[in-house]
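The letters A, B and C name the chains in turn, as written, and every chain counts its residues from 1.
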Amino acid sequence: MDSAAGVVLEVRDLRAYLYTRWGVVRAVDGVSFVLREGETLGLVGESGCGKTMTGLSLVRLLPEPAGRIVDGQVLLEGEDLLAKSESEMRAVRGRRVSMILQDPQTSLNPVFTIGDQILEALGQHHVDGERSLAARAQEALRRVKVGAPEQRMRAYPHQMSGGMKQRVVGAIAVAGEPRVLIADEPTTALDVTIQLQYLALLKEIQARTRLAMLFITHDFGIVARMCDRVAVMYAGRIVETGPTRALFRAPRHPYTEALMASVPRLEGHVARLPSIEGQPPPLHDLPPGCRFADRCAYVADRCRREYPPTMPVGLAHEAACWRNEPSAPSR
Amino acid sequence: MARVEERIDESALGRPRGDLARLPWVSFAIIAVLVLVAVLAPLIAPHSPTEQSLPDKLLPPAWEAGGSARHLLGTDVLGRDVLSRLIYGARVSLIVAAVALLAGGGIGLIVGIVSGYLGGRTDSFLMRSVDATLTFPTILIALLLAVSLGPGLRTIAIAITVLIWARFARVVRGEVLAVKTRDFVALARVHGCSHLRIMAVHIVPNVLNTFMVLLTLHIGFVIIVEASLSFLGAGIPPPTPSWGQMVSDGRSHIASAWWLSVVPGAAIMLVVLAFNLFGDWLRDWLDPRLRQV
Amino acid sequence: MLEERAIGAEPLIRVENLAKHFPVTRGVLIGRTTGHVKAVDGVSFTIGRQETLGLVGESGCGKTTTSRLLLRLEQPTAGRVLLDGRDIHALRGADLVRYHTRVQAVFQDPWSSLNPRLRVRETIAEALVVNRRVTRAGKLERVEEVLHQVGLPLSAAARYPHEFSGGQRQRIALASALAAKPELIVLDEPVSALDVSIRAQIMNLLKDLQARQQLSFLLVAHNLATVRYIAQRTAVMYLGRIVEHADTETLYRSPLHPYTKALFAAALPADPDAPRDDMILSGEVPSPIDPPSGCHFHPRCPFAMEQCARVAPELKAVASGHVVSCHLY
């Protein structure tokens, strides 16, 4: 990595496992990345690659009792979150690191009004007068462009549309003025025209508050639109990280390359899409070598024996593939 | 959690380990012993359950002072062997439970499936009947039935059937409503399946898990109802032994001959507990969501 | 209303002014109808043999209800669905049995569309067993044939759905749709529940099957890129009506209706350097219980004119095979 300037969050060799009756599921298996002030890092991968578990690990909200963080560091402005007590963590969540989840339906409590839920989020984090709290809650709604916030404060979640609810979730998430926002597929449940509105809103909030955003998604279209940098995850590990443009122009990990090629395009007709055959390996029974080896078009003997180290392939661009080894014979 | 679950589907993982280890062996053993004892009662029982021997009346259990090895659990007012009566009583409990659960459970299953699948007016009518049944005071209805039909095994079975079918119907209907919205039911209609086939092939097998759990969890309930009715004198007429009746008979001697009520009472408690624990285990075992971790 | 592709040849499916209104009731004991959700409100289109029609739109636009009307899962409030010229909702007896072999479906969620209690071969053979007299050997032979066609091992037949991954399950669902040798398969979001790397596999399979077996597809989807890849013609729906309908190539090259344009603007291309034609629509899709007057889209339309609120635009042909419902044209 170049400089430590503006680094808000640094994750070092994070490992989070699920202890199930079938064995140990290595959902997050040595993940490292940094997140700088005002930037958006896209964490891309398919279901089961560990991207959601990574997000949950950062705020230590793994599913109980199976999930456990077994190793690594999560440094928020230099402090290791994994070393904090549970009560110290409560002061971090919402206040310094917030989360927006996929389904606004389950993020809001159906029996409380929108106002109550925003006030609760605010009240927990700052001790303030009643009146100024209510004013700040309305301000929070106004910031996420919810019309008529005075009335909306008294509404219940079921009285709002999905897009509106997700805005409220966003309002709650940014109410505590966090430094880091983890957005886990926040627009998957929304329609495309509503998705575009929501993404524009997130960008706007980020521009104003300079918060660092970890955007978890499987959609390369969203990545292209939202992210400054991208990290591609496969079977519990990040296989490639780089600036968005560089990674889209010249992906250096065969998985990234194949995945991007298999996405149908809007522009220009394609006679036949290349597809990745097979399935990712089960996370409780991982091969010793590269986890993509079985599905890789360039697989060599070495790939099956040794997991490739992360190697630099360009400016702030790195990938974990033996093909990028400087001395490797070009294939 | 949802997406994590999706990934840990059994396809990749095969059968989970440790299922048998979690089987409630104690419950299982009690149930096995109960069934064996009931089936083999004539071979096991040391005495006839109805044979009276007034000279031996009110003998305490063998370990008490004055107890005899001939009557391990003592004798009652008429000198009948308590252990033998307990063994034969197990038969009554199991027969009543089996008959009532098959009849009540069966009716409940059918009503629940028809009600949930057809919906509309049929559903409204059947569910109002269920509500009506559930509002009756349980024991009172059974007593009324016993009075009008005369006491006996048949009466008890009918009374309990009337009591439990509605509970089954309501739970099964809820389950059917959930299954009905799954896409494979719509696809069955696209394939041209008749309503009867959809219910038989697509609905019933998918509510059977819930039904089985409901059955096991109700065995204990049925045994208690049978005991209560017998205790109140509306159950199995003497001299056929039944646990509830034994508790009732011993009531007046509780100060002098405690074993007459305590022994059958303990048997009821143990068996009901065993069935309930077994039912809980079965529910967890059959529910893949609970089997995850 | 729509131009016929081959003159004289009757299309496989002809949908005429199809409408489905769901009553909205209030009250717990005595239901009172307080209005209607006009889920589908006068939709017409045709699907030719070996053709794919893509039906796109956002949630609540009526595309799924339209597909359910074609599958006879709903009864239309008005209009007809003609299969080879005969109204499918009037079919009885042997004709109905034949319909059930000719029209099949694949749904979005492969976790919900397979009965977990049935072996794969029973699921696949259902349409055969129910509608045709088949011997046990004949059934198994057909099951093996379709398993082969969808690229699954023959050993899959004896297994249960939970032993398969999402992509494999969707292949099983497809095999089940193929078993009775249908002519039309309704595909309701067939790949949107699948992982990105699996989607291409299934889409390629669909294209191959269509080419080999002269199948027609009605593809219901919200993803424009998916529709572009599979469908020869595309219809865009908004609040129960088709607002634009054309050859896929024409529609994607020059969308005319402002809503179609907005949909394209909202579809994010997987390219950081793609030109950003940001046409962010204000507001959300209005309730179909009380849709806006005139053109349903006018409250959100950046080009709305005075007459748009009063007069509902007709579908007009602006070019050969390209119809649009907008006062601008």
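Quick note on the criterion: contacts are C-beta pairs under 8 Å (C-beta built on N, C-alpha and C of every residue); 3 or more make two chains touch, one makes a residue touch a chain.
All values reported here derive from a predicted model rather than from experimental measurement.
Enquirer: Using the touch rule stated at the top, which two chains are linked by the largest number of C-beta contacts?
Expert: More C-beta pairs are in contact between A-C than between any other chains.
Enquirer: Can you name the chain that lies farthest from chain C, using the mean of each chain's Cα atoms as its centre?
Expert: Result for the farthest chain: B.
Enquirer: How many angstrom between the C-alpha centroids of chain C and chain B?
Expert: Roughly 50 Å, centre to centre.
Enquirer: Would you kindly tell me how far, in whole Å, the mean C-alpha position of chain C lies from that of chain A?
Expert: The computed centroid separation for chain A versus chain C comes out at 32 Å.
Enquirer: Between chain A and chain B, what distance separates the C-alpha centroids? Give it in angstrom.
Expert: Roughly 51 Å, centre to centre.
Enquirer: Which residues of chain A are in contact with two or more other chains?
Expert: 47 - these are the residues of chain A that touch more than one other chain.
Enquirer: Hunt down the residues of chain B that sit against at least two other chains at once, touch-wise.
Expert: 6, 12
Enquirer: What are the residues of chain C that contact at least two other chains?
Expert: Chain C, residues with two or more chain partners: 165.
Enquirer: Where on chain B does chain C make contact in their complex?
Expert: Against chain C, chain B makes touches at 6, 9-12, 182-184, 186-194, 197, 201-202, 205-206, 288.
Enquirer: In their complex, what parts of chain C are in touch with chain B?
Expert: Contact set of chain C toward chain B: 68, 71-73, 96-97, 99-101, 103-105, 107-109, 111-118, 123, 126-127, 130-131, 162-166, 168, 173, 176, 180.
Enquirer: Considering only the defined contacts, which chain A positions touch chain C in the complex?
Expert: Chain A reaches chain C through residues 46-47, 161, 163-164, 191-197, 200, 218-225, 244-245, 248, 258-260, 262-267, 269-270, 272-277, 279.
Enquirer: How about chain C: which of its residues touch chain A in the complex?
Expert: Per the touch definition, chain C meets chain A at residues 58-59, 165, 167, 195-197, 199-201, 203-204, 207, 222-226, 228-229, 249, 252, 262-274, 278, 280-281, 284-285.
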